[in-house]
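Pasting the structures in now, so scroll down.
The two complexes that follow have chain A in common; it is paired with chain B in the first and with chain C in the second.
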Partner chain A sequence: MKETGKPTANPMLVLREEFDDWAILFDPDTGDAHALNPISVFVWKRLDGHHSVDDIMSELVKSCDDVPENAQTEVIKFIDELLEQGYAGYEI
Partner chain B sequence: MRTPRQVDIDVTNRCNLRCKFCYHFESAGDVGRDLSTAEWLQFFEELNRLHVMSVTLAGGEPFFRSDFKELITGLVNNRMRYGILSNGTLITEETAAFLKQTGRCNFVQVSIDGSKPDIHDYIRGSGSFEKAVRGIEICKKHRLTVDIRVTLHKKNIHDVENIAELLIERLGIHGFSTNAASYMGLCAINSDALSLDTADRSVVMQKLVDLNKKYDNRITATAGPLADAHMWNRMEKARRINGENTKPGSLTGCGCVIEKIAIRADGVIVPCNMLSHIELGRINQDSLEYVWQHHPMLEKMRTRSGISLAEFEFCRGCEYIGTCTGNCPALAYTTFGEIDHPSPDACLRRFLQDGGVLPVIDESRQTME
Partner chain C sequence: MAWNVKQDESLKKEIPTLNQIYFYLTEGCNLACRHCWLAPKLQKKKHQYPVLDFDLFRSIVEQGKKLGMTGVKLTGGEPLMHPDIEQLLKYLIDQDVSVTIETNGVLCTPEVAMLVAKNKNVFVSVSLDGTDSRIHESIRGVKGCFEEAIQGIRNLVNAGIAPQIIMTLMRRNKHQIEAMVRLGERLGAHSVKFNMVQPTERGKKMHELDETPSVKELIEIGKWVEETLAGDTQLKLYYDSPAAFRPLSRLYGQEGTGCNVCGILGILGVLADGSYSLCGIGSAVSELVFGHASRDRLDKVWKETKILEEIREGMPKKLTGVCASCLMVGSCFASCLAQNYYRTRNIWAPFWFCDLAFQEGIFPQTRLYKKQQILA
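Coming up: the complex of A and B.
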């Protein structure tokens, strides 16, 4: 993905948050459901067309006590997967 | 779980048939009225906000509603998938094409209770067999997932081999599920003629186990004789291994209120369509999220699994107490008058005392679901 880009989550997907901070990302068109860990949920909620990866990383660092070195790579990889599956995109 | 993952909705109280064992009619769910289109659509918006993933539409007969397409469109627009429980007789080419194009239909479940008209129609009324089979064929033609439910009762257990042949070999259905006419609704009234007795259950359990050998486990069950056959065989095996050195089991037989909730045709929120006398609130007036998270009755039902079977006189001295789950609370209620009680209908000790015979199962080959 373009690191300067500001992706937007597909609004037709359903994010079900559970009490244990994990969540399910559900695609009603296919019936596919994916488990998201708390960091993925954090990222997903910021895919609003107003946050770049840098913005998201900056907020992540502020909200966590300890962020591993490879966090940005993992976040980019996660967003790339979302883009690939059509779960996120860029506003035209 | 913050909100229900699935909601079972009796979308109408009306039906074009009056099946002799219908659990709905003559139950507390038989409310004599339907909600308007606007009321359901308003509720679907709430389900969207609560991130409900799927809805099962039942009734009554869902296809009986003239606004059926509007309701389905409402579900789709609110990001849900859906399944439909139907008698199959009102399914048309146009309906099936509509369902298919939504891309959200998990299944259409059609009931078939006999291999030929006289057996099926004895329960459901003249002409219903031909129409239901036609409905199945239309669903298949439009590549909808069509599930078949066979409800076993006194008059069709000797037809079960023919039913399997019809569904699997002639209609090309992948498999089908089974249950039994349960002591609820109209079945409670017609129980003498329809309910399986111990001898019937012994016979049909073995037949279903044998058919699953023939059809490579394409017959499934979560309740009724086939489910009992597997559960009771495991319980008997555990008794032989463990003897009396087992810790008593508890009322774990129902997980329904953990993931889903139900709505009556009049909009009253209930724990399950088979426990429709327990009123928890009303849609569009009470918050479903609040009911789900805070209603004392739901909390009580969710902690039912903490009630030990050792507390019941009914279970005293039972050799199967360590592996028994108490089974369905709705059946416990209709047969015993209490929810927090093991269901007598599912009692293995009672079945054997009545002369019941467990089927011979090769567990290495068989699965339940």
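Coming up: the complex of A and C.
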């Protein structure tokens, strides 16, 4: 992905958050479902077309005490997966 | 970061690899457990019920390896009662397959434990349903079997194998859950797994007699085990409820214990009489027996058995009831197809536990495509 890009989450998908801060993200048309860990949920909620990876990372660092060293790589990987599956995109 | 909980569509296009064979080595058992899902015959000294012929066992393993099989499970009845168990364990040492053994521990002598330990990739579970002889033996039906099972665990630990303890939850032992974890710690167990009584064969009777905790109670116990008790022990704790009832962090997180997925796409059962079966259920439901190892080649059975083809083709889209509406279906496959068939004679029926929870309105709403009021 372009690190300067500001992706948007596909609005057709549903995110269901659970008590342990994990969530299920699913496509109600196909039933395709994914379990998201708390960092992925944090990222997903910021895919609003106004946040770049850098923006998301700086918010993440501010909100969490223990951000793993490889967080940025993981975040980029996660967003790439979403883009690949059509779960997120760029507004034209 | 994200874990796909849906089955990969491409899986269904090919015949899957036969990963593991479950060998139900003996038709008899040395215990008479109230909850056994297969109801083997109690074997006292005078009786000798069928056991799997060793040459047949060897031939099936050889054929299985050619199909890609990487593991065998030895179960029963009671696998350690097999008259050729030592020969069988020795044979497996050189086979380069993982070996899982499900035993009640009673016959796990130091010699047998040493032989088991010679297998490089081995996993042993020992059933223990109480932390004292009174409870354990009232469930398992044979006097003296508690101390023998404990000794069996000790023998395994001394041989270098930390076994998993499996406790099946019922009204009469549910107060001993934490005590079981502590006992496991003291004995040097690897983990403790809590199973539910399945409503097949003798277990069905227990359900009818209301000797098992209700679904609601089991859900509550599960929450306590996974959210509290698991954080208070070094042992891994497994709670055998279907995926929809388990926290995602416990399924997929770093300390997670994974899903209890029905492995039917990669598993075949062999009964003590040498017949091939859908896991072990063929012993209770004859239509789920599909051939005999003495006359049918394994590759033909694996590739051409109609019911297996139907399962590959239909899983998971043909599942019905709550399983058809469940977001976890791809990582659960309706929990246990054999169990579902036994209960309803429909291979695509939902799992009893989820079905009941759904009917009672206590199925987790976040795990359904559509919330329950829309479905109902």
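Methods note: the second predicted complex is superposed on the first by the 92 of 92 C-alpha atoms of A that agree within 3 Å, B and C clash if a C-alpha of one lies under 4 Å from a C-alpha of the other, contacts with A are read in each partner's own complex, and residues count from 1 in each chain.
Rule of thumb we're sticking to: a contact is a pair of C-beta atoms (placed from the backbone, for glycine too) under 8 Å apart; a residue touches a chain by one contact, two chains touch by 3 or more.
From a predicted model like this one, the values you see are computed outputs, not experimental measurements.
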Superposition on chain A - do chain B and chain C clash or fit: clash
Partner chain(s) touched by A:F78 [first = chain B, second = chain C, both, neither]: second
Per-residue touch tally on chain A - higher for chain B or for chain C: C
First, second, both or neither for A:W22, with chain B first and chain C second: second
Contacts of A:N37 with chain B and chain C, given as first, second, both or neither: second
First, second, both or neither for A:M12, with chain B first and chain C second: first
Where chain B runs into chain C (options 21-29, 39-47, 147-155 or 237-245): 237-245
On chain A, the residue positions that both chain B and chain C contact, one per complex: 16-19, 24, 26, 28, 31, 33
Parts of chain A lying in touch with chain B, wherever the complex brings them together: 12-19, 24, 26, 28-29, 31, 33
Residue numbers on chain A that touch chain C, as the complex places them: 16-26, 28, 31-37, 39-40, 43, 74-75, 77-78, 81
Residue ranges of chain C in contact with chain A within the complex: 1-6, 247-249, 251-253, 327-330, 366-367, 369-370
Touch list for chain B against partner chain A, complex: 1-3, 5, 51, 53, 76, 79-81, 103-104, 106
